[in-house]
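Please find the structures below.
Look at the two complexes coming up: chain A is in both, with chain B in one and chain C in the other.
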Partner chain A sequence: MINIDIGATAVAILTLFGIYSLMAISLNLEYGVAGVPNFGQALFVSIGAYTAGVTYTRILPLLAGVESVHPCGPTMGQALQLRSEVMAAQPIAGFINLALTFLIAAVIAGAVGFAVSYVTLRLKEEWFLALVLLVGGETARIVVRGADDLICSHNGISGIAQPFYFLGDARSSSILFMLLALALALIAYFYSQRLLHSPFGRMLKGLRENEAVTRGLGKGISLARAQIMLIGSAIAAVGGVLFALNTGFVNTNDYVVTLTLDIWVMVVLGGIGNNRGALLGAALIALLDRFTQVGAIALNMSGSPIEFNYLRFIAFGLILLLMLRYRPGGLLPESPLTTNAHDVLRRASGSQPMSKRA
Partner chain B sequence: MPPALLTTSLVNTIQIGSLYALMALGITLTFSVMKLPNFAHAEYVTVGAFAALIVSLAGEVNPLLIMLAAFIVGALVALISHVAVFKPLEGREVSFYTLILSSFAVGLILRYILFMIADYFNLFDTRIRIPLQIMLRESYLILTNIFFWVVPSSILLVIALTLLLNRTPLGREMRALANNPGLARVIGIPVERVKSYSWLLVGGLAGVAGALWGLQTAVSPLMGWAAIISVFAAAILGGLSSFAGTILGAYVVAFSENTIMLFLNFNFGLDLAYKPAIPFIIIIAVLLIRPQGFTELIRRAGDLQR
Partner chain C sequence: MPLLELKNTRKDFGGLRAVDDVSLQVPEGAIIGLIGPNGSGKSTLINLIAGSQELTAGRVIFAGEDISDLAPDAVYNSGIARGYQEPSLYFKMTVLDNVLLPVKGQRGEKPWYAPRWRSWQREEAAQAERAINVLEQVQLLQHYDSLAADLSGGQMKLLEIARALMGQPKLLLLDEPTAGVAPKLAYEIFQQIARLRADYGITFLIVEHRLEILFDFVDYVYVMHLGNLLAQGAPADIVEDTRLREVYFGE
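This part shows the complex of A and B:
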């Protein structure tokens, strides 16, 4: 049998929960609230990860004031050693670099999301956007992998240390990183809740339900769609930076359609259009992910002929199918969105309010 | 570009293009008749390839028998996925994205079941076993019997499918369903039965495509998934509705991936690693610039929705 360190496992699951929450909230804003079918979510997550790959190899040595060497090719090992030395000795440079990474990633992803949403205007049918985003993400992945210098093509970049690496103690370092991920997820959650209950949020839901009516009410729908794609993509990229820091390496192979599908499973499982649902979905998938990892190790050690990792994907597929068929609203379905004025009116007329704020 | 490279790439274009056509027609048919962009189509191909592989391991088996096995297994898997997943969703007013997600989920489940089977029986990186013969050896060109199995079989099947669609009562009913499902129901077409036959046909053809694909490369649980975007590109070039357009699209995609890619590699030094990007670029360009694909160019030649 294997011994499981409960504390470390809990930290790992909570870190994963924070990262997944950012991705799920992002997709929930885009698809759940505004109805933009982002089947290219892996692209926006990967922008964050690639940015981390570039900043940790190019900007970090600059900030630390050391001579940088090319991260790929023959100097790969030297660059890796240099990175970890800098991260261990100069925490300030590490933090500035992390802040810059978040900023650059969010700006690039936001700009791409904004630009992509204008593609919608040119498409004959709405679902073509799903297809364009799907293949657009894959194209970007192939182009990044083909560019030898950016993140070292097939090899990727490893040894991207977490920001609290300088503490030297793995346990406190990972706990602090978990807190960072959770804090960012919390900020994203409260921000998206506010957004959802603003007039802008209600307009987006109107856009999702009926584009023509929303347009008829005098709302500028293409700009609104572009704005929500900007916000959602930026959040996804922040999640991508954390994803790369969590695993410690950046490789194009991680940002395939399967990742997009994982994020969809979270949103569909938790509840489309409901931010709490997105959090719930992220939590369940983080648990399932960790569970399957532990299960895979346990099964392999017991000499079972069945590879447990395959079961993970089958389970994801089954969850998706069962939810879509039996609970299309998710575990926490979206409740009707009402304004304060609406509740006051209901109370005055003597009936119960339709709902509390979702 | 040296002539040897050119001829080899053209042979590849014909061989791969014929297989793409066989798979892409299934996508077009599913989209027209069932109104479903089916990403699980990739896995019907893979399932067929594995069925063919397992039959071929039994010993000296006639390739026709191998293809028959692939057809039957592919058809059954397609029908099961219809009955278990897609049909229950039809009755409800579900969004297109629910359908796309469901087809992804079906594909995911099938793919990893195949992984488990391949793992258990140790079937990774094996090829469907038929004896290899060299049929033609010219200075530039070597053609094996595999080429003469793959190309005529796929072309014959494509012709048979076109005839079925244009000349038989079932084909007429399928076309009616593609054109106007409500009206088709009203005039008494047995919609459910026609749909079931369509699924059997689509899955079976995908299975045969998988068997033929497995003759030329090793069978792997990812083989269908790896080809699906190219196949979708072909179907989209056909406007997702035109049969002739889809066939033309399949050869265009295969030509771009083989001949044009090699040409760019040889003359401009473009890395061959960019090859998978070609169908993506085709899809994005077609959807943005000409979403009808080739349909209007060949309106009269076998358009499902004429």
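This part shows the complex of A and C:
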């Protein structure tokens, strides 16, 4: 049997929950609220991860004032050791580097998300954009894997230490990292809630419900959709940075199409268009992830010939199909949108709000 | 100078000429009827004016400006709102959100301001006051926080008109505003239209099949047949016109 450290497992699951929440909120804004089917979520997450791979090997040594060594090739091991030493001894350099990583990743992902969607949506409808992003994500991955210098091609870059590594104690540093992930997810949640219950959110929902009519009511639809893609992509990239820090490793193999599928399952399962649903979906998938991992190890150790990792994909596919068939709104379906205008009318007309009437 | 003028407009769909060399004028403050049998090109003409279909030839002049090449959102922002033949409300939104969405130039629609509620809440409240007036006008105020999907067919048509009004249009294009509505309610919808012209000075161009109601309210009628303008005149003259009977009843 395998022993499970319940505390460490809880920390790991909660960290994953925070990271997945960022990705799910991002897709929920794009697809759930605005109806832009982003089949390239892995692309925007990977932009965050690749950025971390580059900043931790190029900018971190500069910030720490040590001479940098080329991260790939024969000096790979030396560079890795250098990174670890800096992260252990110079927390300030580590934090500044992390802040820069978030910033650069969000800017690049946001710019890519905006530019690709604006150009594509002006030419074709949104499902064409879905294909462009799907292909774009895979193309970017293959290009990065083929580039020798960026993140050392197929070798990837290891030793991307999380920012609290300097504490030395694995337990407290991983708890702090969990809190960082949860805090960022919380900020993203409140930000997206405010966005959703604003005239901007109303316009995006209008676009989702009836594009032609919304256009006929004076709204520039390509720009609005490109704007939400900018915001969503930036949030996904922040999630990607955390994802890389959490595994401590940047490798192109982690950002294949199945990552996009995972995020779609979270949103469809939790509730399309509802940010709380996105959080619920992220929580369920984080749990499922961990259990299938533990299950796979347990099965392996018992000598079972079944490759449990494939069962995970089968389970996700089944969840998608069953949800779309029996509960297309998700576990927490979206509620009708209200901005503060409803309160104004409520006071003026003295009538009961809808929620209290039923 | 007419508020809206169509000059020799034409629309081809492949080999089919849906609108053929149609010229018409809509004077400011008028209610103009556009009638004709199914497939005569009336809805296409509305789409051409609203910018949702591109002209093959001809010009559309609105308030002295050439709007022939504008996209639908630009046409709306120039002062032309439209209704649709098929249901076109935001059914998953409340009545109030349906009428607030089309308000022009909302600050809270910009992603930079949107999450900062204080930056747009006062503006939104002011628009809500306007919405009260408009919803009161069409007797939908008590339903302001119902979902649009829960309204009756007649109320949906009225909400569509109310929604169009929030953009303060000069011209309202309506494509069969009484389609699928009981006869008594249909008459009330036209009474509303007459009242809106009186109160707000809005000009109307209305496609309608219920001629018996339409003729009570319009100032002037254009008759289309197979993409062409067949006849035009005051309702009393059009009723007498034998060509109308020919195209409608084949007599």
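FYI, the second predicted complex is superposed on the first by the 332 of 358 C-alpha atoms of A that agree within 3 Å, B and C clash if a C-alpha of one lies under 4 Å from a C-alpha of the other, contacts with A are read in each partner's own complex, and residues count from 1 in each chain.
One rule holds in what follows: a residue touches a chain if its C-beta (ideal position, glycine included) is under 8 Å from a C-beta of that chain, and two chains touch if they have at least 3 such contacts.
Predicted model, so just to flag it, every value in this text is computed and none were measured.
Residue contacts after overlaying the shared chain place A:G317 against chain B, while chain C stays out of touching range.
Of the two partner chains, chain B is the only one touched by A:V119; chain C is not.
When the two structures are aligned on the shared chain, A:M203 is found in touch with chain C, with no touch to chain B. Looking at the shared chain after the overlay, A:G73 reaches neither chain B nor chain C. When both complexes are overlaid on chain A, the residue A:I231 reaches chain C alone and has no touch with chain B.
Of all the residues in chain C, the ones that touch chain A in their complex are 50, 52, 71-73, 76-77, 81-82, 84, 88, 90-94, 96-97, 100-104, 106-111, 113-117, 120-121, 124-125, 127-129, 131-132, 141-142, 144-147, 163, 167. Of all residues in chain A, only 31, 37, 39, 119, 122-128, 130-132, 135-136, 138-139, 142-143, 145-146, 153, 261, 264, 268, 305-307, 310-311, 313-314, 316-318, 320-321, 324-325, 328 touch chain B in the complex they form. Remark: chain B residues 37, 85, 88-89, 94, 96-98, 100-102, 104-109, 111-113, 115-116, 119-120, 229, 232, 236, 271, 273-274, 276-277, 279-281, 283-284, 287-288, 291-292 touch chain A in the complex. On the chain A side of its complex with chain C, the touching residues are 191, 194-195, 198-203, 205-206, 209-210, 212-221, 224, 227-228, 230-231, 336-342, 344-346, 348-349, 351, 353-354.
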